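When the chains are written out, they are named A, B, C and D in that same order, and each has its own residue count from 1.
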Amino acid sequence: MSDVSHDGVRMVALQIDDYGPWTTTPEPRRETDLQALQSRLFATVADFFTQFDGYAFADRYDNMIGVANESDPTAFERLQTQIENQYPVTVSVGVGTAETPRRALEAANSVLQRAGSAQDADRTAVLDHRTVGDAVPGAVTVAHFDVVDATGTLTDQVSSAEAGHTIRRAALDLREQLWERYDAVTQFVGGDNVIAVCPSLTPSTLGEINDHVRESTGVELQVGLGRGPTAHAAGDDAKHALEHCRATGERIHAAFGLVER
Amino acid sequence: MSDVSHDGVRMVALQIDDYGPWTTTPEPRRETDLQALQSRLFATVADFFTQFDGYAFADRYDNMIGVANESDPTAFERLQTQIENQYPVTVSVGVGTAETPRRALEAANSVLQRAGSAQDADRTAVLDHRTVGDAVPGAVTVAHFDVVDATGTLTDQVSSAEAGHTIRRAALDLREQLWERYDAVTQFVGGDNVIAVCPSLTPSTLGEINDHVRESTGVELQVGLGRGPTAHAAGDDAKHALEHCRATGERIHAAFGLVER
Amino acid sequence: MSDVSHDGVRMVALQIDDYGPWTTTPEPRRETDLQALQSRLFATVADFFTQFDGYAFADRYDNMIGVANESDPTAFERLQTQIENQYPVTVSVGVGTAETPRRALEAANSVLQRAGSAQDADRTAVLDHRTVGDAVPGAVTVAHFDVVDATGTLTDQVSSAEAGHTIRRAALDLREQLWERYDAVTQFVGGDNVIAVCPSLTPSTLGEINDHVRESTGVELQVGLGRGPTAHAAGDDAKHALEHCRATGERIHAAFGLVER
Amino acid sequence: MSDVSHDGVRMVALQIDDYGPWTTTPEPRRETDLQALQSRLFATVADFFTQFDGYAFADRYDNMIGVANESDPTAFERLQTQIENQYPVTVSVGVGTAETPRRALEAANSVLQRAGSAQDADRTAVLDHRTVGDAVPGAVTVAHFDVVDATGTLTDQVSSAEAGHTIRRAALDLREQLWERYDAVTQFVGGDNVIAVCPSLTPSTLGEINDHVRESTGVELQVGLGRGPTAHAAGDDAKHALEHCRATGERIHAAFGLVER
């Protein structure tokens, strides 16, 4: 598996330019208008990533995240112009390519930070790319987690807020564990679903992570793993692997016949 | 303050019907398509709440939350039909009216849970309302929090993922504190902003909460408070109060000249 | 029928401010971006009109038309702010109330024209209302036309362009006839459907109009008529009446048991 | 110019499956919901075409039209799945490649017609391609028309309905002339703008067409012409050429230094 580890990943950091000040100028704008604006802007971003089989995550809405292994870094100029033509805000885009998702995202973010502050009125629709070392986009590994019997144990049992607390706590623990220990980028994607863009992980590693989440939050997770040339290819395999878990009760399943190494 | 506490609040629980199974039938659907669908569906919901000056929160996307003090519970039938006519999914809506946001949301959720499981294929576009005791919608209190100098201390300093971890951790702590101890419903709304629909809270209470968040997560919050007949009226005042904090360095400011009682 | 004629109608003219110049500044904007922008902006407008059971028509996209009998003229301020918060353009709104749809629309347009040119960079988000005489909104009459067996005679037989020519020619003839002779406002609404907001019309009048269209364009129309306090109430009845035509072969059917007067 | 005429064009016919029946089942659906649905669905289509620098036109909404010279015919499967995942309807797509836009669109439509009726409940998300002769996509010519001083002579002078009548009449005459005599596909695109996808046309031909429109409708048109490998490349040049007309008073201008042949 040593050669696989040389595969790099291309991550994208998207940031609405000068958004905080805009939301309160000249007066604070109506919250529901902002919520709807942010959500539709992210939907536009998500749809854009589909053309090269990428993934996109809403993250904090003013900062969105993408995975774009088969995209040229200059491709995002089209997205930037589209947003400028369809929305009242503009977006800066940093692209980073590195050996792990974490380092790639950090590279993508450093591109934006070097270009100026997120609240710098002069920083508009920046686009740049940074490669860490000699990384080139290769195979991506995606882990798709959900809560074992979430509907039975949470959604139908406790209020949506209680269920939300529990799931968010588990998602946050997962995110921090995977970021700190395994250089993965992990995002809550709705319902009880969490997706991680990972370096290659073994089932035993995932077992340890799930144990940690259960011990610290009481939530039992199951996870499907996929690997492929794009986030969608890997993620689609991961979804099928997760379906296998749901059907069989297995807690960890890899679509690619991963054996312990 | 005793008379204020009689004001009830009307909360809304919106749930996509049978969504989990739909996302994987007949095959798992593409993740970016689902992300875009959920986001636009929520945007439709947010826009709908504007007509009665309500608020809406994306929460977990398959479960959304609204505040609708000046809406008749039957008004959501229009939203349900609109969604049925414009989206590939349907939505059930529970409305709850109670003395505190937490109890109102629990009532709203209990309406949905009594109607059947979220993954019951026969439960489609349910709409019902439950009142706890003799509560009627009255004045709403909204607290709008953000991180002191988030751009300077987080966004421009660490990667978006690191900043996201920190802000999410603070938001989750805030949410749990406010839910458990004060019956408030608290939601992250993008960037470094968190909004809580509260029973009446005093500045000293908010000071204790901000202390708790700082001690457990290291994040320094500031908060504006507003009160009014609708979530928008209260929330707009809260936004102005938060602007006052940003301008003056004050950490807690109430738009309504709240005095310690 | 004399008392019916006292019912007025409230029409709305919506115009994107300074749109032509914006589409070419600083360089011509990409056509697909503009098409998507216009379409979504209209969808926002259409969704807005639903709260008071109104109707909205895309017309020329930069100029849209609404029917809003149960709306207060000031209600459109909320729509204007929503558009300003969610789109890169602003919209001016003229509201007109008069005895016929044509005169109401002309009044609505005169409001905009008095406020300045559509390409005046200083005219932004104007909102005003003009009443002709002492008209007040009353019952609305809606006629919903379509082509007899459009799928069999056009869509499946000729290319979409040919079918489109024929249907557009019929729609334009209908629009001009109804405008010039009966003070109705008529819009193509997709497929082979045309909707007219009418003063009260009798079946024999509609028969003459359909004859005119058939003679000048070769297209055989059928039409359902409805009347009610709002465009939606009237239009929904008209749709049911048109379903009756489709089922029975009748060419003109009124939902309200209209007798010749 | 003989070699230019060998360039083929790839046109796309998009048709909502079984849409008419769906809009009235089980009861007629609310008109504003349908208007908003159609408009957003078209916006999704328009955004999709941008990735290969194509053009899209709303046409009759249930039948949309695209130009996709640099797209593989199988690329539309992604659009079909996206629509299925995000909308309550599905779309069939016919792709046609031929020497002229008209013949290419007819080929695209014949693909759909052979697959079954537009109202055949069993025909769902068909995708196929037909090439006429040995045409391959080459250079596209786009003509972008607008009305000379539309704002001054129409928008600010007469009601929006009157201006709309006049512009629509001119657009329809243009469309029919260009279709019948020159095999062009012509669409109204909002405001006073009309775009034609043409075989190569000379300025003197365009002069004759503009004369015809002026004589039959009284509308004075100006037109910019562009040619390039994609609809966007050609259309963007045409927009610049039209700007040249607006600036100089010239009535016909070609971006590519077209000489009379």
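We adopt the following convention: a contact is a pair of C-beta atoms (placed from the backbone, for glycine too) under 8 Å apart; a residue touches a chain by one contact, two chains touch by 3 or more.
Treat the numbers as computed from the prediction; the structure is a model and nothing was measured.
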Co-neighbours of chain B and chain A - touch as defined: C, D
Copies chain D and chain C - interface residue numbers shared by over half, same or different: same
Gap in Å, rounded to a whole number, between the CA centres of chain D and chain A: 38
Chain C and chain D: spacing of chain centres that average the CA atoms, whole Å: 23
Intercentroid distance (Cα basis), chain C paired with chain A, Å: 44
Residues within chain D bordering two or more other chains: 30, 33-34, 36-37, 40, 44, 47, 50, 82
Interface residues, chain D side, partner chain C - complex: 13, 15, 19-20, 24, 27-28, 30-40, 42-44, 46-47, 49-50, 54-63, 65, 102, 105-106, 109-110, 113, 117-119, 150-152, 155-157, 159-161, 163-165, 167-169, 172, 175-176, 179, 185, 189-192, 195, 232, 235-236, 239-240, 242-243
Chain A contact footprint on chain C (complex, rising order): 29-30, 33-34, 36-37, 40, 81-82, 84-88
Interface residues, chain A side, partner chain D - complex: 44, 47, 50-51, 78, 82
